[in-house]
Amino acid sequence: MPDPRFFPTAGVQRLVDIAAVAEARFEGDGERLFTGVAPLQTAGPDDVSFLDNRRYADALSESKAGAVVLHPAMAERLPVGCVGLLAAQPNLAFARIALLFHPDPVARAVVHPTAVIAPDAVIGQGVEIGALAVSGARAEIGAGCIIHSHAVVGDGVVLGAGCRIHPHASISHAIAGAGVVLHPGARVGAEGYGFATTAAGEHVTMPQLGRVILGDGVQVGANSTVDRGSHGDTVLGPGTRLDNLVQIGHNVHTGRGCVIVAHAGISGSSVLGDYVVLAAQAGIAGHLTIGSKVRIGAQAGVMNDVPAGTDVIGSPAWPVREFWRSIAYLRKIAQGGRAGAEARDRKADREP
Amino acid sequence: MPDPRFFPTAGVQRLVDIAAVAEARFEGDGERLFTGVAPLQTAGPDDVSFLDNRRYADALSESKAGAVVLHPAMAERLPVGCVGLLAAQPNLAFARIALLFHPDPVARAVVHPTAVIAPDAVIGQGVEIGALAVSGARAEIGAGCIIHSHAVVGDGVVLGAGCRIHPHASISHAIAGAGVVLHPGARVGAEGYGFATTAAGEHVTMPQLGRVILGDGVQVGANSTVDRGSHGDTVLGPGTRLDNLVQIGHNVHTGRGCVIVAHAGISGSSVLGDYVVLAAQAGIAGHLTIGSKVRIGAQAGVMNDVPAGTDVIGSPAWPVREFWRSIAYLRKIAQGGRAGAEARDRKADREP
Amino acid sequence: MPDPRFFPTAGVQRLVDIAAVAEARFEGDGERLFTGVAPLQTAGPDDVSFLDNRRYADALSESKAGAVVLHPAMAERLPVGCVGLLAAQPNLAFARIALLFHPDPVARAVVHPTAVIAPDAVIGQGVEIGALAVSGARAEIGAGCIIHSHAVVGDGVVLGAGCRIHPHASISHAIAGAGVVLHPGARVGAEGYGFATTAAGEHVTMPQLGRVILGDGVQVGANSTVDRGSHGDTVLGPGTRLDNLVQIGHNVHTGRGCVIVAHAGISGSSVLGDYVVLAAQAGIAGHLTIGSKVRIGAQAGVMNDVPAGTDVIGSPAWPVREFWRSIAYLRKIAQGGRAGAEARDRKADREP
């Protein structure tokens, strides 16, 4: 069970209610009560657990969980006495169950006395503001927002309803929709990297006069950075989620629901469609257009536009299939021994 | 026009004054007034805009801007009635115009009552210190500095005149010149990654006894980190600019005006000449010497010294031209069709 | 000598005591006094210096240092009159000497009046808490901890004895052992990147219900991020050290003494053995097992399990030897003579 020091629960739940939020099928007594969620390895008979990766199927067989969310195809692996909660998408079903036991925090309408709120800031109903948080002049903080300790909301910033700004996050020059989450240390609206260089080598700052527009439900991970537009805006579309330590350059636009994984970076003025996935440590050069549902592999380096629906990988990035073919070729060469490679080279030189 | 909630302007400007700061040529009425700057797409007849990338030439034709900064070679693309401000380097010219409308912030000589300033800190004339900022013992903060909310200036740190330390930035064990800018969350002077490992596997910290020396005009991007010297100093030369999420190891030296782009890293004790460009996500191993004006491509991994004036790319890094030749070769192999590749492979299998 | 503004010393030391902590051999007057440590280039006759990299042997010959720690094999390079402190592992010996002059800071039992400490937090003996630091409800802060300005210790967090939490670091949902160090801006315990996506493309947060467990002596570098477990815990084994800007995903486990260099990342649920080295900008995909003493080269991308004791590099990662063989092959192709390559290219242009 989650450590109660950190994770208070909403209390016991009936199996029938659990199955309902999960849209899962089950057989058995719907009135049975469960106290929480837990991993397969540590779950007890009062816990709900889940399996969404075949890799862990052995843990299922040995689990003492009272109920397990899983794909119907895995149902036969359930231990005796364990209730199966069958769902086509077990991770989604389990997320909804976990949220039933551990709902998102709700703002307590309290402003800590050490917070520094500008007199002309507009604080919505029920807003919670933690110790030593700062709200700048004319900022508008929507109803039900939680501003944690040491967060800084800059002058004029607008936060929609129900945003959560975690410790040490800062946001400036930005308009955020509802339900936006900034994780600890996130930096939204900082001055981008814009300058012109004189013939003598002096870098002259280009004033960065745009904003950051965060759609509803956008999340920015811990210590990630989203620069404001240089002119025009930097825009993260609704539901886009940045993992930790991500860099978003000025004037970047993402569509809906993009997924940008840790250490990935998008250079200035590139435009992403909807549901683009940029895996860890990958990068996109500036001024490119990436179509919807493009998936970019880890450590890829994208230097050209990518049409919608394409999967690319490598640095420079190219289609996944060709990338792996080139890797396979190189491995054969390398394992083939020096002699083989050199023979081949000599031949290559002679060949047409 | 830039959002006035975030970007107050210095007021209307005459065309003749605008052209003067930009060192741009124009034809027409020098007394004409302009109210601000804006991108081509949204500029109106009272705005100055600019074009510095041919990619956006179509936007020029359709722009309603009153004046546009651009290269003389593009002048014929100007829409009717739009004043051309002709400059050999349009981005530089436009930067100066934008600074005319939106000059760098000037410190207001105010210390917020919640700031915590050590009694023996030396605060220069006209310094502005924001809410909850901290200045340590014996720190010296030069005239006209702006220390934003939640910034921390450590014991003994020296800041030259006109520095700006943004929210949540911290600086310790450092001597900074004039006009240094630390963006939000920048970490200057933290203990580097130095330790010796015993035969039993215990890591014993090597005390990091050097400083960070920041030349005039150095900028450190959001959430970037500059470790102090292990012994001797870490030095960033005048005008060097780090983008966001950059890592600078202990004892690194950069020359003047180096440009280190997001997610790039320089390992301990490497020395860079002047005007080196390290593109995004690239890395330089430790104890290397990189000559002046070297340009290192995105995601490159530099493992050897690089002579001045060279362009390198790849991981491990090598000269740009040879890198692309090897990529072209691999692509030919991979695209050459499975049949071709397999034929070649079969041949390889038969070879010694 | 280290700048006394930043590095107070513990006072002069006798050569015999210096040699004793270093377990080094020397010849000469054990009563001779030394005032500090310094690099070879700047050391004077009262300083102890060291050489641990042959690259800098010339600096040894010209050094004015009174004593130098070095490997016996280098002893003949000592300048006349300079005492040799001979040690099999000079960097370790020197670390111990530097710690003699500059011991780790000791907590002063002072809580700054601006710190915000929850009434039910449990503060151990001799704890030092800086300006504007925050300790949450029910947090337990062990004896002798130093919580610097602007650090935030979350509700319920447990810190063992002698931890140091630097400015702007935050820790939540975590249990830390003794002597743990969080460098400035480190983020421990933030919500990981966990969500399930509906058919309509909506990302539903998976509540992250695990903790972070930090073993004794763990260090987390500046602006690095360690996500809490999604369920189950994220665990860093005793003595594991993260450099700056490192990302550790949810449920990752590391063994003892792992070394994770700047910009490296480990994706969710991967498990590392003891003493694994992950070099700069390298990444490990999720759900992998990396054996003890594996060394992973800079910028490597690990996509498969790696058996203990193996060295890998490349993206995707493979054994070091084969990687270099493939690189050598590609270089030969690319350099293979401009003439040869161009001939090949021309031919390719004519081909179907």
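So that you can tell them apart, the chains are marked A, B and C in the order they are listed, and the count of residues begins at 1 in each.
To be clear about the criterion, a contact is a pair of C-beta atoms (placed from the backbone, for glycine too) under 8 Å apart; a residue touches a chain by one contact, two chains touch by 3 or more.
Only a predicted model underlies this, so the values are computations on that prediction, with no experimental measurement involved.
Counting every residue number used by either copy at the chain B-chain C contact, under half are found in both chains. For the pair chain A and chain B, the CA-based superposition corresponds to a rotation of 120 degrees in steps of 5. Rounded to a whole number, the gap between the C-alpha centres of chain A and chain C is 26 angstrom.
Chain centres here are Cα averages; for chain B and chain C they lie 26 Å apart. Contacts with at least two other chains are made by residues 114, 132, 150, 168, 185, 223, 245, 263, 281, 299, 315, 330, 333 of chain C.
Contacts from chain C toward chain A in the complex involve residues 114, 116, 132, 134, 138, 150, 152, 154-156, 168, 170, 172-173, 185, 187, 190-191, 193, 195-198, 201-207, 209-211, 223-225, 227, 231-232, 245, 247, 249, 263, 265, 267, 281, 283, 285, 287, 299, 301, 303, 315-316, 318, 322-323, 325-326, 329-330, 332-333, 336, 340, 344, 347.
Residues of chain A touching chain C in their complex: 2-3, 5-7, 37-39, 41-42, 53, 55, 89, 91-92, 94-96, 98-99, 101-102, 104, 112, 114, 131-132, 149-150, 166-168, 183-185, 217, 221-223, 239, 241, 243-245, 256-257, 259, 261-263, 274-275, 280-281, 298-299, 315, 327, 330-331, 333-335, 338, 341, 345, 348-349, 352.
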